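Listed after this line are the structures, all set down as structure tokens.
Next come two complexes built around chain A: one with chain B, the other with chain C.
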Partner chain A sequence: MELNVGLLSPEILLTGIAVFMILLDLITPKRFKNKLFSVISSVAVGVAIILTLSKISPIPQKAFNGFITKEAFTGIIDILVLFSGLFTVLVSHDFIERKKISYIGEFYYTLLFVLVGAMLLAGSSELSTLFVSLEVASISTYILMSLFKGDYRGKEGALKYFITGSVGAALLVYGMAVLYGLTGTTLYGEIAQAAEKLSPLPLLLAAGLIAAGFLFKTGAVPFHGWMPDAYEGAPTPVTLLMGSAVKVAAFAAFIKLFIPIFYHFQAEWEKALGVIAVISMFSGALLALNQRNVKRMLAYSAISHTGIIIATFLSSPALTVFSVVFYLFAYTFMTVAAFGLITILSANGIKGEEIESWKGLYSKNPLLSLSAVAIFMSLAGIPPLVGFWGKFYILLALVKSGEVLLAVSVLIASLISLYFYLKPVVYIFMKEGTGEKFIPGAGEYVATIVSTAAIVIFGLLPEVIAQISIMGLSSFLRSLT
Partner chain B sequence: MTPFSLFLLSGLLLAIGLFGIVARRNVISLFFGLELILNSANVLLVGFSKLHGNYYGELFVFFVLAVAAAEAAVGLAIVVAIYRMKRSINTEDFRTLRW
Partner chain C sequence: MKEILFYLFGVISAVLALLSVTSKNVIKGGVALLGSFISLGAVYFTVGAEFVGIIQVIVYGGAIIVLYLFALLTMDVKKIAEEKVRGSSAAAGAFLSILLMILLLLEASKIAGKVKPAVSGAKELALPLFFKYLLPFEIVSILLLVATIGAVAIARREE
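Take a look at the complex of A and B:
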């Protein structure tokens, strides 16, 4: 066992750049700040992507005496996190240009800290590392949400997210303390060895508390109260980051913790998790039906998607890892594209979030309207797009493991959600427009169009993502033995 | 010191903290509840560290304390920012975002 610091070079690079930006923020004149900091952070994230790509290997690598384990699975999640970070930087440049906030430097380096936290979260294989990186990502998100001056909604959303998120984190620590008490160690590998000899009842207590902590973070139903408020209240680029990077990393950490330690008594907890999954997917889909605000609607749809991902945990471990990686891949691009589109449309303040103001978009900007159709149809799971393949593999995994009832409920929830995904599309193609002009900035335009293109291209070539997910799965299984 | 007495103490702290979060409407009181829950986990970690005879648990406590401090700082900052706009720290007044 040695330190192996080189494995963490992307995280170290991002942290270094962020600290450097704190200093640079003091001497830069205000009018250059937005351009300078967005260029620095996008270059830093780009270099981090290259570094991560160069370090992906099917053989699991350990750093810091096994506190961090990076397999191809973690590498894939890191790439997704970094891509959504890059798109967030692009989108926020234009957003800040319009809003004229007074804390520009703070916004960009806090954003980099969110990415560092999310990457460490996906890589951690020790309880305290997991907790600290989760909190780095979440506390930075609270700051980002409430940073915009005079924006009351963001602060209210931040407070609600803060209270529920902290309760979730506190329950997570309590579960970790119980787990430590039962096994006497905090490393996943050693916990898994010790856990096999224990009786399931005390382990179930730890599993329940830890699962509750993660369900708070990912927004499954009994713990979903913050999701709509936080998604609606947060500035749209921050919603983008919350919905993609933080959520993807939280799911990855959940898998890395749950599968080695708690899978040998799956029969004891699968009923409870199945009920949570079904309730999440249905209540998310049903509550989204009547929303006028597109961000709020997407928040409820995110709850529904969370339910679908959690349902996958009831199949066998190998199928779970494969289909969750596939789904997260698709989900990241869909979330980035959807919130990028909303940022463009809300150029005139809050109005673009209301579904009425989408009327007649087709006559104003055909390319954006067509990409909106692709985004919403992909979220609903219509065949040639990537969202369909994500749902397809989850259904396949569920049917293969004999969970036909769950598979049917995934199908029904998707059918319900088709209604509210079609609503914006209908509004876009309505004739009578309300005539609000908007000029999209270059960054947000590129981010939306590129991620929409990814939705379409990967939808036509699903075997590319399938290959990547299989690589992630094989390296994940290798790290268990 | 037995595991049972440890669980009794930390469970009591956890219950008080959770009750505070559910019952109180003042944001500052909510923060008290949060700190109590985190500290109930700390009690458990330190106690188990002693019982197992290794230092994983005690080290964990330092990280939990640091994170709790950061959390309190950010949370209070958000509350101050909201108080400047709304002149209230009662959670029932924060209902701009609904349905």
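Take a look at the complex of A and C:
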């Protein structure tokens, strides 16, 4: 029995700090809470980032009897999760200053638990660990959504997310039960060995159920029903966290589970997954066209992005891992920046969620307006921003694997999405609206500008992300053998 | 000695179970059900499955009976007693019960005679739980902590 607890030091640190905060919450006067807890959380997440960086190595490392496998692939995902967690803390501080909430302490330590759950989810290489860490991440998210006072939209969204999320979890666990019944083990490596000798039909049942569970969590059509309501209803910082950390970790866990176990009979399921991908990218893009609420629009665009990522699974495993890591890297920064921007705008007397209120933003705050242009153009996939490179590598992977039809549909879906991404940009540069300048809170401003800068800089230097993704890919392949 | 106790508790359990479904007073029925569950726990003890026995008493005798009694408290018991039982639902209930009994008897006839001794003891459960599956076990404790905090925070009345 090898525990290798040190490998999990970032997770243990975050859990410890969160438990410490639960105790501290009891003795802290209410007026200091927001400042104190946001500082503690951001420092904790910052230290966790450093710890994770120091642990990244190309050689896969195992902990807790092989229940956790951390390759560079997992390390990259952990870093993305932690960065979005850090930005969420920064954004939340200013958001909480303005909103009524009686559970400030609860908000911050539940946020840390989301990060712990997401990191364990990305690291898990065993079925039961995967399931419980997924539940830690999701249940903490439901709680975060419903903590704000008098916010019935958030509670409604949380309830909807909770119910559909439970159905997704049930499907996932049923798939795991089938897999365990077939192979008699819960460790990915052993399952993969046993699965090679099995006939595809029962495996297909397991693959279908597990994929359905993950498609629920990542919001692909036909399991996308909760996305618009949950994204719109949740407090914007929580939407940020859901859209980046939880989603990225769920995709990573999906890859780690799916590729070793189910890839040897790709021909059996690739048609079904391809159909889901195409329907998701198109229905997301088309439904986003008529949205007046920017958060709702971004929810539909997230469905479209999910479709594009899923399409990649039809190429070869190596290309899938590479282009998904690249895309998730780009997508995290874009999501953080977009929802950070909405948080800023929903603050200063304007209802930032309604697209009409974006009128004349340029005369109020030019820097923010220019970053909005960069964010939305990157989401649409316009060069030279990072979103373009993400889509470019996915297209390349699809064309190289001979999936030209899928590549064309990714292109068309991106073209459709250009229309609704341009809409806020047009509103920003309208002359109407009052010209009062406003100054956003420091935390949210830093989060938005830094992630926008990342979009631009990585867009100009895509080879940096490409190198990182290749490192993730090579370590991932090494962990399979 | 063990065998005598086994049959004794088995009979008590069956009699109390019968009492719980036939008694007109629901509270009496509930208490009879509690007795039935506890003596069933004792049956497990007599065959050496002490862990299942403990769980039986805690989960069924503690949690589920309390749940039943709470549900009864919130309902109007008199109104339910006055309601007539419909023929169709009685028939469906009888059909399902008989089906379940047949299934149980079929399975029981398969395993009769080849009972593994000392199965489902506390040790067999504890070893994998605290050694092999230590990590998920620990994560579940985080999950319960989060869920408790969330339940308290969400359910508390907003002042």
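Assorted remarks:
Criterion: the second predicted complex is superposed on the first by the 470 of 481 C-alpha atoms of A that agree within 3 Å, B and C clash if a C-alpha of one lies under 4 Å from a C-alpha of the other, contacts with A are read in each partner's own complex, and residues count from 1 in each chain.
In the analysis below, contacts are C-beta pairs under 8 Å (C-beta built on N, C-alpha and C of every residue); 3 or more make two chains touch, one makes a residue touch a chain.
This structure is a prediction, so every number in the text was calculated from the model and none was measured.
By the document's definition of touching, of the two partners only chain C reaches A:T110; chain B does not.
In the overlay built on the shared chain, the residue A:G181 is in contact with chain B alone; chain C does not reach it. When the shared chain is aligned, chain B and chain C each come close enough to touch A:S128. In the superposition on chain A, contact of A:F265 is made with neither chain B nor chain C.
In the overlay built on the shared chain, the residue A:R153 is in contact with chain B alone; chain C does not reach it. After overlaying the two complexes on the shared chain, residue contacts for A:I22 are found with chain C alone; chain B is out of touch.
Once the two complexes are overlaid on the shared chain, A:Y142 sits against chain B and chain C alike. In the superposed model, A:N65 lies in contact with chain C only, and not with chain B.
Common to the chain B and chain C contact sets on chain A are residues 128, 131-132, 135, 139, 142-143, 146, 155.
Residues 131-136, 139-140, 142-143, 145-147, 149-150, 153-154, 158-159 of chain C touch chain A in their complex. Those residues of chain B that touch chain A in the complex are listed here as 3, 6, 10, 14, 17, 21, 27, 30, 34, 37-38, 40-42, 44-45, 47-48, 51-52, 54, 56-57, 59-60, 63-64, 67, 70-71, 74-75, 77-79, 81-82, 85-86, 94, 96-97. Here chain A touches chain C in the complex through residues 1, 3, 15, 19, 22, 63-65, 67-68, 102-103, 106, 109-110, 113, 116-117, 120, 126, 128-129, 131-133, 135-136, 139-140, 142-143, 146-147, 149-150, 155, going by the rule given at the top.
Partner chain B is touched in their complex by these residues of chain A: 127-128, 131-132, 135, 139, 142-143, 146, 152-153, 155-160, 162-163, 166-167, 169-171, 173-174, 176-178, 180-181, 184-186, 228-229, 232-233.
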